[in-house]
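Before anything else, here's the structure in question.
Chains: A, B and C, in written order; residue numbering restarts at 1 for each.
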Amino acid sequence: MSRSSAVAGLARAWFLALPLLLAATVADAAKVTLDKSNWGLEVGKDCVSCHQKSSAGLAKQWEDSAHAKAGVNCMDCHKAEPADADAITHEGHVIATVVSPKDCGRCHTTEYEEQKGSVHAEAVSLIAAKIPALGHNVGGPAMEAAGCAQCHGSVVKVRGDGTLDPATWPNSGIGRINPDGSKGSCSSCHGRHRFSKAQAREPTACVRCHFGPDSPDKEIYEASKHGMLYASQRDEMNLNAETWVAGKDYTAAPTCVTCHMGAAGKLPATHDVGMRNMWSLNTPVSQRQHLVVLEDGDKLELPESVEPPKRGAELDKGDGTVGKVKAVATPQRRREAMSTVCLECHAKPFVTNFMRQFDDVVELFNEKFGKPATAMMDELYAAGLLTPVPFDEPIEFTYWELWHDEGARARHGASMGSPNHAWWEGMYLVGRNFYSRFLPEVRTVAGQARGDEIIARHLADVAGHAWLKAPQRGNPILGYRPPSPVAEATPATPAAPGATP
Amino acid sequence: MSRSSAVAGLARAWFLALPLLLAATVADAAKVTLDKSNWGLEVGKDCVSCHQKSSAGLAKQWEDSAHAKAGVNCMDCHKAEPADADAITHEGHVIATVVSPKDCGRCHTTEYEEQKGSVHAEAVSLIAAKIPALGHNVGGPAMEAAGCAQCHGSVVKVRGDGTLDPATWPNSGIGRINPDGSKGSCSSCHGRHRFSKAQAREPTACVRCHFGPDSPDKEIYEASKHGMLYASQRDEMNLNAETWVAGKDYTAAPTCVTCHMGAAGKLPATHDVGMRNMWSLNTPVSQRQHLVVLEDGDKLELPESVEPPKRGAELDKGDGTVGKVKAVATPQRRREAMSTVCLECHAKPFVTNFMRQFDDVVELFNEKFGKPATAMMDELYAAGLLTPVPFDEPIEFTYWELWHDEGARARHGASMGSPNHAWWEGMYLVGRNFYSRFLPEVRTVAGQARGDEIIARHLADVAGHAWLKAPQRGNPILGYRPPSPVAEATPATPAAPGATP
Amino acid sequence: MSRSSAVAGLARAWFLALPLLLAATVADAAKVTLDKSNWGLEVGKDCVSCHQKSSAGLAKQWEDSAHAKAGVNCMDCHKAEPADADAITHEGHVIATVVSPKDCGRCHTTEYEEQKGSVHAEAVSLIAAKIPALGHNVGGPAMEAAGCAQCHGSVVKVRGDGTLDPATWPNSGIGRINPDGSKGSCSSCHGRHRFSKAQAREPTACVRCHFGPDSPDKEIYEASKHGMLYASQRDEMNLNAETWVAGKDYTAAPTCVTCHMGAAGKLPATHDVGMRNMWSLNTPVSQRQHLVVLEDGDKLELPESVEPPKRGAELDKGDGTVGKVKAVATPQRRREAMSTVCLECHAKPFVTNFMRQFDDVVELFNEKFGKPATAMMDELYAAGLLTPVPFDEPIEFTYWELWHDEGARARHGASMGSPNHAWWEGMYLVGRNFYSRFLPEVRTVAGQARGDEIIARHLADVAGHAWLKAPQRGNPILGYRPPSPVAEATPATPAAPGATP
């Protein structure tokens, strides 16, 4: 090993411990000895013989699974105790329809523990405060079942007769609250009833939720170099390999799993999908985030501006309970974990510079648009110029989409290398909507004079808006050809920049 | 067979007859004996030898086809009689450029008969009333050729010299009116000149038309569990199988064809693509629909609110002619036909609850948005507040897109399991546009006071809009933090909810 | 050969010379004898052995490449001279991070020469005038790095310490200005470090840039018959073939490369991607374009309205230098080159009529929307009713998107056979935005009366707008049912057509 790679090796070593540290809570949950004494319930064979007739496709999916090959059958997963909240009697057997991560975790212990503390598992609580205004008011109750909850997860409700409430199931949302209290749904990514490893490693495993205006990760990936290489070299992805280490088991292209969950070099794989993300990107203003691991395996995120808590400190978990700090991964450590993956296929300067380009886009959004727009909204609410009811005034939609839609696309696009999403579907629309909709709406809400004053005050110190007051110049792209020099000496100033009457 | 599946078997039996019943009109059109006496025209060999040079790709596509293997050549399909409307002489032979479903139906009789009475075959008449305002006024005549007609079909026009009018051809719209009077184009789905069965079973067979703002079925499918499984397990789809029965010949994933046309269990395959759809989804207000089969094979749809006609009744077919009722499939029967497919891979409670979630989204759209918006538009027209000319006023675009675009996406998204399309690209936009564009535009058109009155009257009894008048509450998602209790006691009410000055 | 194909053969001959003529500048750049004396630097083996550890994926990609098989190693491409602008010392060797087309061109001479004069190579200068208003003002400097430049190319800047400025690299924009003065980046399409031929022939090779609102070529292709066939028959595309001639080496489907760069019949392949495009499509008003080839290999485009320059004439190249005309390809010759590809799989009348449908859409856009909108903008600027500062007024975004976004989609959609993009995502939105946004904004900017006058004057002679003044008719699609005949005799005229107060 040359000297410089030795140094690089040392430099890497300290943050390679991150995932191991974070995974340490599951030391006692090492994979149980997997032998047939733990499964293969005799009674399960009855299920199969009947379902081969009544739902042949479902049965065949299982037959093609690793489960079937290992002798795991229907009853090993669906068996329930009579006291279980969702136990029903079906053909003389006590079963539950919903198979929860806790059920899967009886064998897949490590994956269960990692998933349990992840941002995915908290997907229901993450949007709880948004449901009333969005899912219910702007949409309607039916949308919670068919919309929000299909990705974030429902709170599965068992009806008096033991059947499942259609308002809450079918559902395979990633943070589903199951009747047994566990959170999540393994089949969200590992499609029933084959539960394939290979399938979940495909980029399409994530598209049901990471698609569309606010998180077009599917489209961004497709439009990136990574997606381009995957599309052409999928046959060489070795997707069904037992281990799936980037740079070793495959090099054709990375998928979502590669960067966010996959093993690379000495970095181990994880089912905690958010661990390697330094920034909060789907917020009005992005922040670098500490990841705080608690003794019980739960995790919290704290902005970098907050002093990271010491080991053993007690923190409010937000649900009324208190957790004890076990470890903290700083934003920098999270970034380095992610970069470890990049380094399998890119040299260090490439990775450093790429991350800098990404960070610069996030900072641009924060300073030029996110902070001033949020401050103006705060002022309009505080001054009673907007009702406190969300979404009864047009500007509230404009502001919401500014950061939740186009602002998220700009930041996601930059993070994953799609120039189209970073710019045309991202920051270009942020700028367009800020200048041609949000500012005019501020004037509409506050009245022209007061609106002008509010805007001027909030934009005064933001360098990115100085062009509005710059000496007026023509630009060929809009067909403007400057009038005669005389006319230009006394330019017409029909309206304040950015104004609409 | 256990008792319960025997019961399920019985319960299913009565609606399994539906497609058989509907197919009964073609009893006399059973597949003709396919032997070489019916094709393999000697003269066709000349075509091949020349086209192998002048258009090698075209010739090769045919060489790779089942047609070539069976001895069917160019002339078997393109041969024409001198009296045919579009007959031309080419290299000494009388041929027609357009090969119609009637031509294909000489061998593929069943497929032809099924297609003939389908909603696909009526695709031209379905939009005839919309072309003047949309294709011609908002767009322009060139758009009918390159836009509308490419999916719906052109009325193919033969010019005086026997050549085809470029305003009407090339065209492979699904409801093309051919020179021989038949409707449709088999190559719309089965690409020339291979006419592959496997290719038409792919989800991509439908994307040319089922794509984009008003019917993003391609995107919805991709973003669904079904699409996720197809993408990863396409190799196991057995797409080239002679029969292609879900649950038997393949179980990896369903494609468009699987659910809308495919065989599953005892449900036979059909080329009548709309048969299993209970709802009209691309309408201002969705309705459950009877499917009425006439003696001549044509079909009509009637809303559930209408008493289904009796067998033998005479019905106006809409084109001036009268048809005699042969059978009626109620909305419930159509739903059950569709559910039969689902049941191959999903248990009954899953299917029932899923359909309930879908229906709830449709009803939500109808009651909260579709009906009130339509009623307000009717009132504005009737009061002379809008000109009768369509699309000369902004509100007309808003209303049109409310049901035709975002409203269709919400309903399609819920029907096929894409939460993104059901919500973010669907009902969220319906709500946003209703509250922040449509209602303000009603006030612009009618004047503030009259607009307020119209809106209040039409929304008064719709529970989904009560939140507009609910006690004002802040919501964390828009950054609002309630002011001091005193201020809250006398809330500022700067404008009527949903208002823009 | 029959008589008619002989005639066709003659007719074709004259334009088949086009690419040969254009390629003639590289006669002296014929592929150098490729033997190991030209590569295989011994020192490169050190790179490999270290990088197999420090970036295993990168090393493996090279191992799987044709380069590795031929003995070409890291140093053959990355070796630099100490005097090179971007030379750095890495592990004792002088290397450059950026490998430019000039470097690749040492072996791939023909490809380099073709690429050098292409529109791709000029991608930076093409948008230079747009960057200030768009990338900087509406967005911000970070967007140039992560947005514009990722497709168009950066001007790579070497910092004092020899490292690359993150504002300019990583970058693989198609027109990147490299430290050695050459333009472009071969890895833009041929992904590092395998540089696969097969991969660059895939339609996904182009998606990173040809995606999104202003050039959704990826989506258009997917929604076309061509994309439908590719998706189902990719296995038969023979993508790895040494030569890749449409109709000979493959017939399953065309990809982007097939039509824009690929060999077909006697038409040779080229790395000049724009050569076969007759129209300028991404402009406010499309024009048929001459392609002027200069003696030095550079190329210029001139509108058809200009008399094509004679051989030997001197032309201003736009960068201050002058070039001598070597040859001119007229719009018609460029169209015929493209049609040659079509003819492999389509008969002549199909191709002629298809092109007619496409041209009609372009002309419709030009006459009905592009020209009047541009003329109105010119007038508003000239009258001082708009500030010369671009994008400080809403109408400037509306006008920009009218031609750059929806207008481009309409034209691209028609050119490649996606009715959805031609119409719903194209001309429908052009029409909607013209009537319901642009015209009202003209009135806002100019005042109601003057706005009405401006609009009336500019639309008066455009047939496509006559419907606005046509006798008022109801239309079923918006729910309008005409009032009683009496009322219709004296129609209410609440507002001027197209007006919003």
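Everything below uses one rule, namely that a contact is a pair of C-beta atoms (placed from the backbone, for glycine too) under 8 Å apart; a residue touches a chain by one contact, two chains touch by 3 or more.
Given the structure is predicted, the values throughout are model-derived calculations rather than measurements.
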Label-sorted list of chains bordering both subunit A and subunit C is B
Cα rotation angle, subunit A onto subunit B, in degrees to the nearest 5, is 120
Across the interface between the identical copies subunit B and subunit C, with over half of residue numbers shared counting as same and under half as different, the residues used are different
Cα centroid separation, subunit B vs subunit C, in Å, comes to 33
Listed in rising order, subunit B residues that touch 2 or more other chains are none
Listed in rising order, the residues of subunit B that touch subunit A in the complex are 1-2, 4-5, 8, 219, 222-225, 227-229, 231-233, 236, 246-248, 251-252, 265, 343-347, 349-350, 352-354, 356-358, 360-361, 363-364, 368, 413-414, 417-428, 430-432, 435-437, 440, 464, 467-468, 470, 472-483, 487, 491-495, 497-501
Subunit B contacts subunit C in the complex at 50, 53-58, 60-61, 64, 91, 97, 129-130, 132-143, 145-151, 163-164, 166-167, 169-170, 172, 191, 196, 198-199, 202, 204-205, 207-209, 211-214, 218, 239, 284, 374, 377-378, 381-394, 396-397, 399-400, 444-445
